C-alpha cells in the first residue's frame, strides 16, 4: 500500500518536473533554464522593452553555447548572466550538448552550432582541456563565426597562442589569476596554522590545474606545510559522492591531515566533503578547508566553520566576450586584435560576505543589469570605449556589485 | 480375478514432423500391477511415458486416470494427480541441498508466512529417503558432494514421496549399480504393496522379467501385445519387439556385398567415455552399417570418426596414413559427416541453400582468397538439381525447407565437396518416405562410384536392408560383425543388441 | 510504418499459408529497406522543420566528417557483428593507443603511428584469445577490458591533460585524405566480408557454431582474427582522430563503441549476426544518426532531449526489428 | 513479494536456525561452515593486511576500517540486489542509470517538500516504476540481451539529465540524515537480513536456483521463467533504489551522467556478485558479496594512500572480473566432463554387476 502511494506520488512528481522543464525549455529556447535563468529572461524581456527604442539599429545575432549540465553555483549564475547579457545585446542563443568529454565531441559540438548558423560561439575551457583549440579556431575561421572562450588562459609561445591570435574571428578569451587564487586558499590555511594538507584538484597537466598547483606550492614553501596526497581522478572529483569518498579516503589513510584545499570543482565536491567531515565529527577546528569555485551552501559552511575561505565568483568573463562580439557584429568593435582579458575572483572568508553574494547575485541572478549591458553597445552609448570597458573589468568585485545596485 | 483399471489410454497419437512416434496407441494399467514396457529404439516408449508425466502433449486420444479424464501440462501437475516419473537424464541441481532437490517447486508445502521452514523440509526429506531405504544420505548436504547414483536415488525419493498411484521408471536402472537397483526394486515393491502401479521401461530383459508382472511390447509406436508373468520369456519378447513392417520395401535388392579389399579408412582401438576399444576398417565401395541401442555409443563413434571428439586412446586413420583429429582434416581428406541433429549441427538453419551447400567447399573454390560468386552459384545449382531439392530459389533460407529437403541439402554439401567417405548418422531420421527412397538410391549410387559410406542407424531394417557389413555395438563395445546375406534377420541382431 | 507491421504480427493466427508467405516476404522486404526509408524520412522531416536549413554544402561536409570515424569503426567490428558479438572495449583501446602513439610520434612519426596501431592490435589479440578460448559473455568481457585499459590512461598520459600531436601528422588533416582512407577501408572490408572464405566463415559462426565447425570452419581462429581486425581498425581510428583533433587525451574515443552501436542498430544490423548482417547498414546508420543530431540542433530542440530522442529511437528500432526477425525466422 | 517486511521475524528465525541447525550438523558440515567463515573473514582481511603492511600508519586504526565499511554500504546493497537477476543470467548494467535517475528525482522531491523523506520516495518510486517497466519488456520481448540494457541506460540517463534540467542536484545537510551513521547501518542490516531470509527461505530463490542450475528441469517441474526473472528484476530495482537513497545522502547530492558513464557504478557491484558466486560453495552468497565489496573498496582506498593514480582501480577491477569469469568457466567445464564420465562409469559398473 505504502509503495502504491509513493509510486503514485512519484508519477505525479515525474510528470510535474517533466512539464516544468519542457515549459522552461520553451520560454528560453534552451534547456539551460534554471529558476534563475527563468527570472533572468523575464527580467531581460522587459529590460529589452526598455532598451528597445534606444537600440533601433542594434543588429540581431545568435550565439552558440555548450550545455553546462545541471545547475551549480559556478556555472549557474554564469550562464544566467550570460543569457541575460545576450538578450540585452539584442541577441539570441542556442545550446548543444557534448556527447562525451572529448576533443571529438567538442569539435562536433562546434560544427553542429555552426550548422545551426550562429553568428558567434562562446566556449568554456573544453577546447583547452582536450587540446583541440587549433581545430576549433580553423573551423570558426573558415565558416566566419566569431568565437571566444572563458576560464581559458593562452600564453604567448604556446601552440594554442599561435593557433588563435592571428585569427580574424577569434574575439577574446577571459581567464583568472589561478596562481593567486590557489595561493589565497593555501595561505589562508597556513595562517590558521595548518601543517599537513590534502588536495582535491584537476588532473595534472591541465593548464589551470598546473597554475593552481604552483600557487599551492608557493604557499606550502612560505608556511612550511606538507602536501600529503591529492585526488585528481575526474570521475571522483566531479560528483558530490566523489567528494565524500575522497574525503573519507583522506581521513582513513592520513590521520595526521589537518587541512584540505579544494583547488577547483568545489561546486561538485564540496558538499560531499563537508558531509564526510560532519559524519566524522571533524572539520570545525581540527581540519581547515579552503576552496576554489563557489558552492551553493558556502554560506552555511562558512557559518558552521567547516569552510574557512572560498574564492570564486568568476562568472563575468563570457559577459565581456559577449559585449566584445556584439560590438564587432555591430561594426563598432572595441579592438580589432583578439583580447586576452584577466578578470577578477571574489574572495569570501566570512558568512557576511557570503550573504551579500547570495543576496545580490545568487538571488537576483545577475552582476550587471540589462541596462548596464545595453549601454556597453557603442550604438546605444557612443562614449563607451576600451578604457571604460577595461575599467569595468578591473572594478569587478563584491563591493562594486553592491555599489551598482 | 481382474483388478480394476487405474489408467487407460485410448488411441493416443503423437508425431514429430513426418515421424509418427505414437499411432493410435492403446494402453491399460491395472491396480497393483508392475508393467514393463519394451520396444526397439524409437518405438515410442519414452514418448508415451513423457505424455503421461506431462512433459509432452499428445496430438489426439484420451487418457483416463481412475475413470477421470487426465490431462497435465507439467510433471508437477502429474505428480499432484498421482503420476510420478523417474527419467534417464540427471534431474538434480548441484548448488542446493539434497532436501531442496527433493522438493523442487514443491517448497510451498513447507512455507509459513512465505518462508520455507528448512527444519521441516529436512525432516520430510529424511522421511522420503528412509522410505526408499537411502537414509544414509544427509539431506543437508550440497548435492554436488554426492555421486551419480546417490543423485539418482534422490530422484527416486522425490518420485516416491507423494505415494504415487503410478510410478514411471524410464531406463533409470542402467545408471545404477546393484545397490541402487535394490533401492529401486524396493520402492517398486512398496508402490505395489500400497496398491499403486508401476510402469517400468528398460532394455535389460532379464531385469524386466524379474521385476515385472506383465510386459507390453511396442513397435513403431503401436501396441503389439501384452504378456503376463508365465509366458514372459526373453526369446518371445525379442521376437515380438522386432519385425516392424515397412510400408513398401525400397531397400537395395541385390545381395552381392562385394567391395574392393582396399581399406581406405580405419579406426584403431578407440576408447573414450562412451566407447571401449573399438576397431573398424572401411573398404572402398563399402556400405558399413553400425547399429545398436540408442545409447550404445554409436553416435559418439561417428563423432570420433569425423574428428569432432577426441578419443582417450586409439586413432582414426585415413588411407594415406594421415590421422584424423579434427573435422577440418577430415573434410580435407574427403570425409563428410551427417549429424543426427540436423537442424543444429548439419546445416545452418538461417543460411540460404546456396550458402549451406558451398560452405565446406569454399576453401577449394576460392582463388587467391577471392570467391567468385558465379562459382558458388554453379556448385549449388548443380547439386540442388542433382538431388532435386524442392525450393523456390537457392537463396531460400533452409528453415523453410522440409526435413527431407534439409537432409538433401546436407548431402548436396558433401557431394559438392566430392567426399570419398560419408559418415551418415541416422540419415533417415524424421524424413518422409519419398525422400528416404532417394537417399537410399543415392547411397547405392555412391557405392557404385566406388565411394564408401558408414551408416549409423537405430533402425534395424534399414541396416539390414542397406549395408554390406554390419557392426553391432553394445555398451560401447563391438559385439558382433555380420556380413550381408538374405538370411540376416532382425531377430539375430536383437540378440546382440540387448 | 512499423505500426502496421506490428498489426500484421497480431493477425498471424488467422492468415492462411499463402497470405502468410506473403506477409513474411513483406517483412523481409521491410527489414531490408527500412534503413533507407528511415534515412529518407529523417532527411525530409528535418528539411521541413528547419525550412531547408539543413540542406547546405556545409552540412554535407559535417555529416561526412562526423560519421566518418563511426563508419570506419563500424566496418572494423563488422566481422564480430557477423558472428553475433561486439567489441565493447574500443573506446579505451583507441584512447590508450592514441596516447602512446602521440607520445612517441615526436621522436619518429612513423614509429608513433606504428605503435598506435600495434598497441590496438595487441589488445585485439588479447580480446581474441579470451573470446575464442573461454567465450565469456562478449559484452561483459568487452566492458571489463574497456575498464582495464581505461584505468591505465592517466598513467599513460603522465603529467599532461592532453598529448599534442606532432605537426607532421596534423598536416595530413584534410577531407581528401579522409575520403581516400574511407574508400580504401570500405573496399577492403566489403571485399573480405562478402567474397572471401574468412568473411563467409564469420557469418557461418553467426549462424551456428556447431554447424560451422562440422562444415570445416576453424571456429577458434576465425573468432580470434575477427577481434584482431577490430583491434587493428581501432588503431587506425586512433590515428585518424589524432590527426583530426591535433591531440590525444583520455577523452579520445570516449563513447566510441556506443556510438558505433547506435549506428549499427539504426542501420538495421541484427544483433544476432549471420548472413542478415549487411555492411550498408553501418553506412546508412552512421549517416542517419549524424543527420538526426545536426537536424535537431538546427531545429533548436532542447539540447538534452536529443539524447533521449536517440535513445528512444534506438530501443524502438531494436525491439521492432528483433520482433520482426523472430517472426520471420520461426516459420 | 518475498522481500516483504514480515521477513523481520523470519529473519530472527533464520538466525536462530543458523545456530540451531548448526548443532545437529555432521562433521563434514561443521568443517564446511568453518571454512566458509574463514573465507569470509580472510579474503577482505588479507587485502586489508597488504595495505597495512604498506602503510601501517594510516591503515592500522579502527577509523579507517569504519570509513571503508561506510563507503561499501551502498555498493554492497546494489550488489545484493543484483544477485538473483545475475543468477537468472541477466547482467543488468542499466541499474547505475536507474539509481542516478532515482537520486535526481528524489533530490528534487526532497527540495520540493522540504524534507528528507522526498529522497526515499523518489528513489523507491523510480525503482518500482522502472523495475516494473523492465520486467514487463523482459516478458514481452523474451530476450535479455545486454544491448537492451545498454538502451535502457541511454534512455534513463538522458531522462535524468532532462528532468534535472538546470536545477541544482546538491543537498544541504538538512536532508542527508539517511546517509549518516545510524541510518545507513540500519538499512544495511535490515536489507542484509531480508535478503538472507529471501535467499534462504523464499520459494522464489529456490526456483531461481533451479533455473540457474538446470533450465530444462525447471521447465519440466513447472517453474515459470518469466515470473521468476520478473521478481528478480523487481528485487534488483528495489535494492538499487535503497542504495541510491544512501548514496545521494552519503554524498549530499548527485550528478547526472551521460551515455554509458553510469556503468562505472554497476561494475564494482557486479564484481562483488561474481566473488559471491565464486565463494558460494563455502558460504552464503549474501556474505560472499559483502566480502567482494570490501575487497574492491579496500583496494581503491589503498591505491590513493599509496599515492597511485586512483584510476588504476578500474584496471584492477576489469582484470579481476575477467579472471573470475574465466575461472568460473573453466571449473564449469571440468565438472561437466566429470559428470559425463561418472554417468558412464556407473553404467559400466552395473554391467559388471548384472
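Every chain is named by a letter (A, B, C and D) in the order it is written, and numbering of its residues begins at 1.
Heads up, the rule we're going with is that contacts are C-beta pairs under 8 Å (C-beta built on N, C-alpha and C of every residue); 3 or more make two chains touch, one makes a residue touch a chain.
It should be emphasised that the depicted structure is a prediction, and the values quoted were computed from it without experimental measurement.
Chain pairs B-C and A-D differ in how many C-beta pairs they share in contact, with the greater number at A-D.
Chain centres here are Cα averages; for subunit A and subunit B they lie 74 Å apart.
Remark: subunit B and subunit C have CA centroids separated by 45 Å (rounded to whole angstrom).
Remark: subunit A and subunit D have CA centroids separated by 38 Å (rounded to whole angstrom). Subunit A and subunit C have centres, each the mean of its CA atoms, that are 36 Å apart. With touch defined as above, residues shared between interfaces to two or more other chains in subunit D number as follows: 161-162, 258-259, 309, 311.
Shown for subunit C are the residues in touch with two or more other chains, namely 154, 255, 302, 304-305, 307. The multi-chain contact residues of subunit B, meaning those touching 2 or more other chains, do not exist; every residue touches at most one other chain. Contacting chain pairs in the structure are A-C, A-D, B-C, B-D, C-D. The touching residues of subunit A, counted against subunit C in their complex, run 21-22, 25, 29-32, 67, 94-97, 99-105, 107-108, 111-117, 129-132, 134-135, 143, 159, 202-207, 209, 232-233. Residues 91, 93, 137, 141, 143, 145-148, 150-152, 154-155, 157-159, 161-162, 258-260, 263, 267, 270, 309, 311-319, 321-322, 325-326, 329-330 of subunit D touch subunit C in their complex. Subunit B contributes residues 306, 308, 327-328, 331-332, 337, 339, 344-352, 355, 358-360, 362-363, 366, 369-373, 399-400, 413 to its touches with subunit C in the complex.
For subunit B in complex with subunit D, the residues that touch the partner chain are 55, 73-77, 90-96, 100, 104-105, 107-108, 111, 113-119, 138, 140-142, 144-145, 147-149, 173-178, 181, 204, 206-207, 273-274, 475-476.
For subunit D in complex with subunit B, the residues that touch the partner chain are 2, 4, 6-7, 10, 13, 17, 20-21, 25-26, 28-29, 197, 200-203, 206-207, 209-210, 212-214, 217-223, 280-281, 335, 339-351, 353-354.
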